[in-house]
Amino acid sequence: MFKINKTNTSPKIKNPILIEGLPGIGNVGKIALDFMIDNLEAKKIFEIKSKKFPNSVFINENNLAELPKIEIFHKKIKNTDLLLLSGDIQPIEDESCYDFCEKILDLFQEFNGKEIITLGGIGLSQPPENPKVFCTANTKKIIQKYKKNNKINTNLFGLVGPIMGVSGLLLGLGKERNIPSISLLAETYGHPSYLGIKGAREILKRLNKSLSLSLNLKDLDKEIKEIKKEIKHINALQKIKKPKNPGINYIG
Amino acid sequence: MFKINKTNTSPKIKNPILIEGLPGIGNVGKIALDFMIDNLEAKKIFEIKSKKFPNSVFINENNLAELPKIEIFHKKIKNTDLLLLSGDIQPIEDESCYDFCEKILDLFQEFNGKEIITLGGIGLSQPPENPKVFCTANTKKIIQKYKKNNKINTNLFGLVGPIMGVSGLLLGLGKERNIPSISLLAETYGHPSYLGIKGAREILKRLNKSLSLSLNLKDLDKEIKEIKKEIKHINALQKIKKPKNPGINYIG
Amino acid sequence: MFKINKTNTSPKIKNPILIEGLPGIGNVGKIALDFMIDNLEAKKIFEIKSKKFPNSVFINENNLAELPKIEIFHKKIKNTDLLLLSGDIQPIEDESCYDFCEKILDLFQEFNGKEIITLGGIGLSQPPENPKVFCTANTKKIIQKYKKNNKINTNLFGLVGPIMGVSGLLLGLGKERNIPSISLLAETYGHPSYLGIKGAREILKRLNKSLSLSLNLKDLDKEIKEIKKEIKHINALQKIKKPKNPGINYIG
Amino acid sequence: MFKINKTNTSPKIKNPILIEGLPGIGNVGKIALDFMIDNLEAKKIFEIKSKKFPNSVFINENNLAELPKIEIFHKKIKNTDLLLLSGDIQPIEDESCYDFCEKILDLFQEFNGKEIITLGGIGLSQPPENPKVFCTANTKKIIQKYKKNNKINTNLFGLVGPIMGVSGLLLGLGKERNIPSISLLAETYGHPSYLGIKGAREILKRLNKSLSLSLNLKDLDKEIKEIKKEIKHINALQKIKKPKNPGINYIG
């Protein structure tokens, strides 16, 4: 179903941290991750296309048609290997999403991966002025690590519904394999065409500090135009599943 | 698809009675069963996770993310082994639901299981003051047994539509294997956020008598708050299928 | 997927005519066929249950729960073996429906089956006073045979959309196997709770003549009450797929 | 899943150009391609039926029922072999659509196929007076070839959403196999019952010039009545998937 193709001579990777940011609520995770890839000049090392993805192509800036794909980029920051999981879409169906995540975890464990960070948004009914960042994880220890010197809320229980898609399943399936995994979730606006740039910035600040990434966050403002065009396509490609219960904020 | 994992050194189990209470209309079955598990201090012996379940995690009271799961608990009451089937979700798709039930029946027959009781709600258009309890079954004999000394209505024919999901299929597939199986269904309110606690209590009273469980039903009131929080998550996770015909009360 | 189970010592069957009447628009086909089974005192010889059917049980007149099933009855009329295909539901998904029909055709060919007649309704926007009967087929010859001495319209082209489900596929897949097959379709009202008894009667009249069945059509009126109860369940169980184009009458 | 059946002694085919025109927005592609097949008197050489297609039959002009099918016609124009891919429906599901396109590409490569042209419509919110033709492709070179002496716009990026279905996937999957492939897309009206004849004519003009087909485009007007009847059926058979984002024009 999901074959991971090498697109480059792979560098030596040891005990990497995997950071995931696929399309979702407000596209917070995708905006944050794609900015990291650009700003860190990370190198693409893997690519995944699949007949489980939408049966569509989208048109890129050169007017050429492209299959939807998910990619993994690599960047070494000091002694830490980062694997950055980005993409045009998420596997939609329950079973495909499980299969996809298991495949990613298999690859991650081949490199003796250390920990996983998934990024996403919490959809509010109004655009937030100053979005807060929340987290959940599959161990208490990793929460302590990322809360250190960072303002991250941990009281999600009872406030939100399930975390859907890859951001959620990597935590759940990571637990089964004893991989410490955390999800950083920024408040954003739940409207499908809203771009969660503010929320993405808040997540990037936290990662910048915790992982000493030396990101230049001023560049995020410059890139907003390009992001808008790209997200337009992604919104058309993906079909976001939302929980049925409208009284609960949603996450993804 | 559905692997049943042992989570504990399994006790000796002989000719058990299986009682099922998964999420459904008013969550009557789940509320009743989870109360039994707590009140009887039953011990978890099996756990089922599956890529056929929703591709989501939900956040527990420790702010940690958990995969949806279905569990089987055990309690010996006098000489009767009870197996209690509880969970966060139901397998949704037709085929998955059949596969899941066959798997449960396989396990049940390994222990030379005696009979099956499934619990559920009948969704009314108004919250009932004094919910009645109805039953259907796959043999006439088991109906007689549970009606003895208990007020249980048996005139469901023509009043309600099909019994959907695990509660229904265990009866239908149980019949194919000659396993006497009964479904106890309490009236409740069909609204998705309604908690069928009153209906659950009526079912618990009947089970208490028929199986001599010595449940302390006063504790049910104390646990209402905790139940409310938990059900909130379950409502977000599950997608309840309802029959298309609006003129018929629904069951599940 | 679809296993056909013998439920009886099968009689000698040679060159049978298969008549199908499963739930569909106005339940015309089902009403007509179930009446034939009763009135001819046909004997059940096969039964099909499947995990491709709805994951529900319905409650019968004895207050017992039953899995949805499809059945084949047999009756010898003079020298003609009739196989009567009746059921609670239709396989819904495209692929399941193809698989199911191939299975029925396999069985039919084991008996060197002669021809197939499928029964259905054409959904009008008003209940028709005097429903007309139309036909389509997979050869011109079989149309001539059934039109002889019978008032059957043949100008369906351009008037109606596709014939959906088993009634349609048996014709299409029958063609691939060179089995002469015809569909008799009576006008009825497209509303989900409408019972197409008038349309069923018109179809029964035509079959009575063409196949010399000696049906007592007066009994149809007496059985209306029983039919109503049964159809109520079927409506709840089945999910009828309708074509998207509202300007076209639908068939099924 | 998809077996391609020979329906005729196949002619010698070498380095063909494949042109696809299946049902889609305004049925522009289908109208254009079916006209080419008629006007060029192309010969049917392959036929595909599949249980992945809708579980329906439709009724043809002889009042006979037919399974939905996809066909490949052949015509030699001077030294160029044309393969013309036409049909009643498109494979709807993501995975089926990928499988179908891979199958078509396998066949295409058996003949050492040269290039692929897919035809479709861009759905506007108003019927266009003078529909423009756009293109996208999987290489820049093939765009240059078809733009030569033809008025074809290439600025689709940012204007439209994804290209869905076979028209899109043949480009995307063609790229993986290094098959130069282009999609010609004419503006049309997005309403389900609108016939994109004007758009089809614009596409046919471009193909006429680029491939020196000597089509008699005056005949297109004469055939409109027949087209209307046929499309009526197709609309009923197919279920067109549209992107969720209403702010974006759609393509297919």
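In order of appearance the chains are A, B, C and D, and numbering begins at 1 in each one.
Following the convention adopted for this analysis, a residue touches a chain if its C-beta (ideal position, glycine included) is under 8 Å from a C-beta of that chain, and two chains touch if they have at least 3 such contacts.
Everything numeric in this text was worked out from a predicted model, so none of it was measured.
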item: Copies chain D and chain C - interface residue numbers shared by over half, same or different; value: different
item: Rotation in the CA alignment of chain B with chain C, degrees, nearest 5; value: 90
item: Inter-centroid spacing, chain D versus chain A (mean Cα positions, whole Å); value: 37
item: Centre-of-Cα separation between chain D and chain B, whole angstrom; value: 52
item: Every chain pair in contact, whichever chains are involved; value: A-B, A-D, B-C, C-D
item: Touch list for chain D against partner chain A, complex; value: 93-95, 97-99, 135-140, 143, 154-158, 160-165, 168-169, 171-173, 175-176, 183, 243-245, 247-248
item: For the chain B and chain A complex, residues of the former touching the latter; value: 49, 51-67, 192-193, 229, 232-233, 235-237, 239
